[in-house]
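The structures considered in this document are given below.
Below are two complexes that have chain A in common, paired first with chain B and then with chain C.
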Partner chain A sequence: MGIRVSLFAVLALILVAYVGVALLGLELLFGVIMPYAAMAAFLAGLVYHVIKWARSPVPFRIPTTCGQQRALPWIKASEVDNPSTAVSAAARVALEALLFRSLLRNTKAELADGSLAYRWEKWLWLGGLLFHWSLLVIVLRHLRFFTEPVPGFVNLLRDLDGFLHVNLQVLYITDIVILLAVTYLFLRRVVIPQVRYISLPGDYFPLFLILSIALSGILMAHFIRVDVVAVKELAMGLVTFSPTVPEGIGAIFYIHLFLVSVLLAYFPSSKLIHMVGIFLSPTRNLPNDSRRRRHVNPWNYPVDVHTYEEYEDEFREKMKKADIPVERY
Partner chain B sequence: MLTMLEKAFTGSRRYWAWLLLLLILTGAGLICYLWQLDRGLSITGLSRDVSWGLYIGQFTFLVGVAASAVMVVLPYYLHNIKEFGRIAIFGEFLAVAAVVMCVLFILVDLGKPSRLLNIVLYPSPNSLMFWDMVALSGYLLLNLVIGWNVLESERNAVPPPRWVRPLVYISIPWAISIHTVTAFLYAGLPDKHYWFTAITAARFLASAFASGPALLILLCLLVRRFTRFDPGRGALQKLATIVTYAMIVNVLFLGFELFTALYSRVPGHVHSFEYLFLGLEGHGRLVPLMWTFVALAVVALVLLLNPRTRAGETTLAAACLAVFLSIWIEKGLGFVVAGFIPNAFGHVSEYWPTLPEALISLGVWSIGFLILTVFYKIAVTVKEEVGQ
Partner chain C sequence: MADEILSTIDYKPPRRRWLDTPVEFRRGTWCYGAKAKSLEAVGLPNPREWSPDQEDWKLPPNWREILLEGLRERLERFRSLRLFMDTCVRCGACADKCHYYIGSGDPKNMPVLRAELLRAVYRKNFTLAGRIMGEFVGARELTQDVLKEWFYYFFQCSECRRCSVFCPFGIDTAELTMIARELLNLVGCNIDWIAGPVANCYRTGNHLGLEPHAFKDMVDFCVDELEEVTGVRVEPTFNRKGAEVLFIAPSGDVFADPGMYTFMGYLLVFHEVGLDYTLSTYASEGGNFGLFTSHEMMKRLNAKMYAEAERLGVKWILGGECGHMWRVVHQYMDTMNGPADFLEEPVSPVTGTKFDHAKSTKMVHIAEFTADLIRHGKLKLDPGRNDHLRVTFHDSCNPARAMGLLEEPRYIIRSVCRHFHEMPENTIREQTFCCGSGAGLNADENMEIRLRGGFPRANAVRYVREKYGVNALACLCAIDRAVLPPLMEYWVPGVDVYGVHELVGNALVLKGEKERTTDLRGEPLDRTDDDEDL
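Now for the complex of A and B:
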């Protein structure tokens, strides 16, 4: 159900862009207005979410821990798994964001001849890691359209990623990897019954969208060629806020651009927001120092407490008479 | 509970220092390789006449090391030699590291590595290069999958998945095939007299089954020295017997070659031997190395054939080192270069690796040892845990 809805949604988007550009000649709409609107929605959405999350009070330290806490000096503490300082908490977040450390530890329990065995469940970690890193490299490679002169590291990245050639044409390794990884991430949702049961349109739609963005990009680079110089002119126009729509860029480019615009606009209101969310997860980004530092709940209202000392002051004489021991005479 | 991979991320200061050293050497090799990418193979000692050198020599040698895992796997799985149960995993992981090095040595030998994919995109079944690619990548996968699953099951104290056993049986002939195909790369070239002989494949297998297990013995001794896991004296002695027989056969095969060449006096056969051991037309760069090979082979045989020195661990280690180095010289350099000398016009143009070429080779070895160290660390940690 979710699969079909998502697939048709993406196909409809492709059709909209094609009809808009190839039949109705709405290059300005799809080449300039849509990207600007999408970027605005993307930035506004991110800012909204970050502010919303940043404003939620985190009165207690609630990090998930999976190692020995810093305690007595002769007990070896696990600083990364149970960070005691902000620096080690930052290191843990960095490892999480860059290497998906907690997913790396995913194990799968299974019965083998009657005894319980835990096997390392590595494929989701591997597929996820390959997908995210490929996407990052691809996004950075696209900087060559938005910068003039192109920074050295972008060219270096292009050379490394495009190490392999096929028929004198550059073949980007990340292009292949991202297609394989997204396909795997989709197939596991379909094939594993439990994962399929919990999968929603919101899981399938981004997968199809990213897959079609990658496919349209690859088609454009290798099969249905477009005027790259004109594409760069358009891209530079967008980033310098002096938009132009050069003649004669193929429809496939506008399909690619429209799908990216949809992705950007869809981003903040979907699960993709985990891009910023991961850095704002209190279970990850807080050091576990509750036993060393007192954390006071900021919205505690003043409570009228009656301490034992005050109690004793009030009833000291009566207590003495009743032979109840007191602390001060 | 840590997953198996994470066992590689916790270790002593010595472990990390060793990894750092390997990373530095890898980095040096990588820098030289970037230079080679820019300038092409002109920065190596390779030439029109000697177009295969250190890279292909090391590749050939390491295919042998990889294939030799079968000398542990075969006795254990087919003949139920229990002693090898403790070290089978080390043989398999050694094969993994060795095959990765093989692939990297092929990669660095390519003048246009960007066209690498052509071997898959335009497969030519009558080319042995194609079959070598198939054999090596298949063998890499087999050993990785078998080794990892057997180790994980050992850790969980459950029998390995049922589908592993057929893979083990496939891996045994597969091991023979990788080195046979490598030998065919040489033995099918009619203009290279030194290689153009049916015994090349047999010689390769013999030297492989001597050098690989010799390295495995040395690695097991290191494992026992630096960790709490003992591979067992029985296993090492059984391996030593294998090394002894293989080394005898290896030297014998070289003797057979010498007989055919020198008795028949076919010039093409004699010249390469002359170049290697005496020098030809005043060129003799490899002569000192080849006599070192002879000396080491003699030392190795003396130490291995004598039961007392074979049983003593220091002398066994010395013997294994001698076996390893002697075959490394003969197969890793001498064999490849001598095939090109003299050239088609009867002239001698010599080959000697340049410094960047040597550094790139060292870099590849470092990557191999990096992989080996990580896998051995995981295996040893699991075995230490299970043993407790």
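Now for the complex of A and C:
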């Protein structure tokens, strides 16, 4: 159900953009108004989430320790997996964000002949990592549309990513990789029964959306050519807040741009917000130093306790009989 | 016999969506509801007689408002909750990491779905998308059926945190379980196996409800037993003011077989190094079932430790072998009930080692203390006296994943045993598998789910038993010592359960002791001369 609905939703979005531009001539809407609105929604959503998260305090120091603690000096501590300082904790988070370190631990439990075995299973890690890194490189490559002059690293990235040429055309490695990786992420969602069982429409939708964005981009680059100079003019107009709608950019471009707009607007209120969440996770970003340094809970409140006096009052005679010292005879 | 369980494990999820599959209370998988008197003893809401398998749970009329208001409050108090509600991508990496899922195949025992039970209600009531789009974005109303599902599955999570090791965002289902249980407690839906010990602990100082004289009797019994085996009479003191150290162990060690032998081990070590310590009948429990009830109850029960240390005027606190106790001591105590300004930074009076890592909380784990003693050559050890044991070590969840106490116990075991074999890598240290009965789930009536949840642990023990002839499962936790024996009996007969300090007690050569012919349990020694495993 979720798969079909998500797929139709994305197809409908494509249709909307096509009809809007090719038949109704709403270039201004899809080329300027939508992108601005989407960017505004994206930024506002991010800020809203971050403020919402930040307003809830971290009352307790609850890192998940994944290695030896720093305690006795002659026992070697595992500083990254069980950080004892804020710097090590930052390193731990960096490794999570850049390399998906926890996901690299993944195994698959299998039950055969009454015995459990834990099989090698790093495909999700690999697929996920390739997907995200390709996405990052692709986003950075797009900076060439939004900057003038184009910064050196963007050109360098383009040259590295695009060293392959097919029929005299540049073929970006990341384009291929992202298609494969997203397809893999989709297939595993459908094929692995457990993952399929837990999947919501909100898990398929971004995959279809990203896949469509990548496909429309590749179509534009290789098959349905658009006027790149005009595209850059539009993009520069957007970032310099002097929007123009140049003539003659094909509908395929507006489809691409509209899908990106939808992704941006959808981002904050969906699971995609994990991009921010990963940096805030209290099981990862806190040092395991709660016995060394006191962690303060801002809402710590006094509670009812059973005091020693109450205890002794109840048991005084029994304690005296058993030669246990008491405060009052 | 084990086939009874194995043959029913099926990892293929049912056809019906989880949102549409109501929970079924099948005997053997759930625990009895909290009795009225247990809740009344500590002033928890909605005390009544009820049973989870009955239709009517006798909830207060405004139960829904209470729960939703409680959830709102907790979203404002815990960033963890907010984040874990929003960031899961349902990648499924955590799914087969939970021992209850591995042992039951019930899809709602996948950590991700356990969390979704809460998340669905969160979405419906606290997010715009959930309010508008409902089930389409995985949102659903909080109904009585959902509440029952919460009860069923949040009391089928042992708060072991194994899932959070594997989650790319560190989402800790144990944290969500703690909060969900806190919510359930707002309408009186605890289990009695937790509520009972909490009530006991509040009044008598320990879960078992041992009154001061009875507690002392049990310790005296250990003292007599020790004299019989070693010829040495140790002299623990109770509630003694001016002692240097207050020692607090889980009460299970004082009371139950085989925990008792671990307690004897502690006593021998203290005696041998001449530690100036006292026990307390008031703070006679290291464990804290409040942790399994609510943050507030955890704090209320934990308060005794510092209060008693202050009253007795000790310098610092030493803690025994217990898993969830150390979660509380290490990650919560100082924050909740500190600062403990009246104590001093812990220093071992025997070796002079400053326990710098505990300088704020001022409480040291006995494995840290003993490892330091051994390292400094302060204990004379005869590991041959453990030759009749081929030992493997089970990391308890909390010391492993909420502290990182991994090498200290291993160092001790290697010093006191000559036959030590690790279980496979994926089942120890931070990846250790729960005993299957943690977080207050060690009742009798839910034995089936305990055996299921303990299967991954047992399976790893069976592996080393078959490969190396292991017959002793060492552990660092009183609940382990209580629950692993029946687990072993079911899955891996022939393996007994030992505390680390029981092994120390066996090997420790006391000044003036008599020739030992048995271990602390009275089992004959069997020194092997071959040193194949040295």
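Note that in this section the second predicted complex is superposed on the first by the 295 of 329 C-alpha atoms of A that agree within 3 Å, B and C clash if a C-alpha of one lies under 4 Å from a C-alpha of the other, contacts with A are read in each partner's own complex, and residues count from 1 in each chain.
One rule holds in what follows: a residue touches a chain if its C-beta (ideal position, glycine included) is under 8 Å from a C-beta of that chain, and two chains touch if they have at least 3 such contacts.
Values in this document were obtained by computation on a predicted structure and should not be read as measured data.
Within the superposed three-chain model, A:E314 lies in touch with chain C and out of touch with chain B [touch as defined at top]. Once chain A of one complex is fitted onto chain A of the other, the partner contacts of A:I75 are limited to chain C, with no touch recorded for chain B. When the shared chain is aligned, no partner comes close enough to touch A:V139: not chain B, not chain C.
When the shared chain is aligned, chain B comes close enough to touch A:W120, but chain C does not. Within the superposed three-chain model, A:R105 lies in touch with chain B and with chain C [touch as defined at top]. Once the two complexes are overlaid on the shared chain, A:F163 sits against chain B while remaining clear of chain C.
Applying the stated contact rule after C-alpha superposition, one finds that A:L171 touches chain B and leaves chain C untouched.
Once the two complexes are overlaid on chain A, the chain A residues touched by chain B in the first and by chain C in the second are 105-107, 115, 118. Against chain A, in their complex, chain C makes its touches with residues 2-3, 6, 9, 11-13, 18, 43, 75-83, 86-93, 95-97, 102, 107, 110, 112-113, 116, 127-129, 136-138, 161, 164-172, 175, 202-205, 211-213, 216-217, 238-241, 281-282, 295-296, 299-300, 303-304, 307-308, 311, 329-332, 334-336, 338-339, 353, 355-361, 363, 368, 371-372, 375, 400-408, 411, 424, 426, 429-431, 455-456, 459-460, 462-463. Remark: chain A residues 104-107, 112-113, 115, 117-120, 122, 163-166, 171 touch chain B in the complex. By the touch criterion stated above, chain B contacts chain A in their complex at residues 1-6, 113-118, 121, 152-153, 156-159, 161.
Note for the complex: chain A touches chain C at residues 5, 49, 52-72, 74-78, 81-82, 96, 100, 102-103, 105-109, 111, 114-116, 118, 124, 128, 192-203, 269-271, 273-274, 277-278, 280-284, 288-297, 299-300, 303-308, 311-312, 314-315, 318-319, 321-326.
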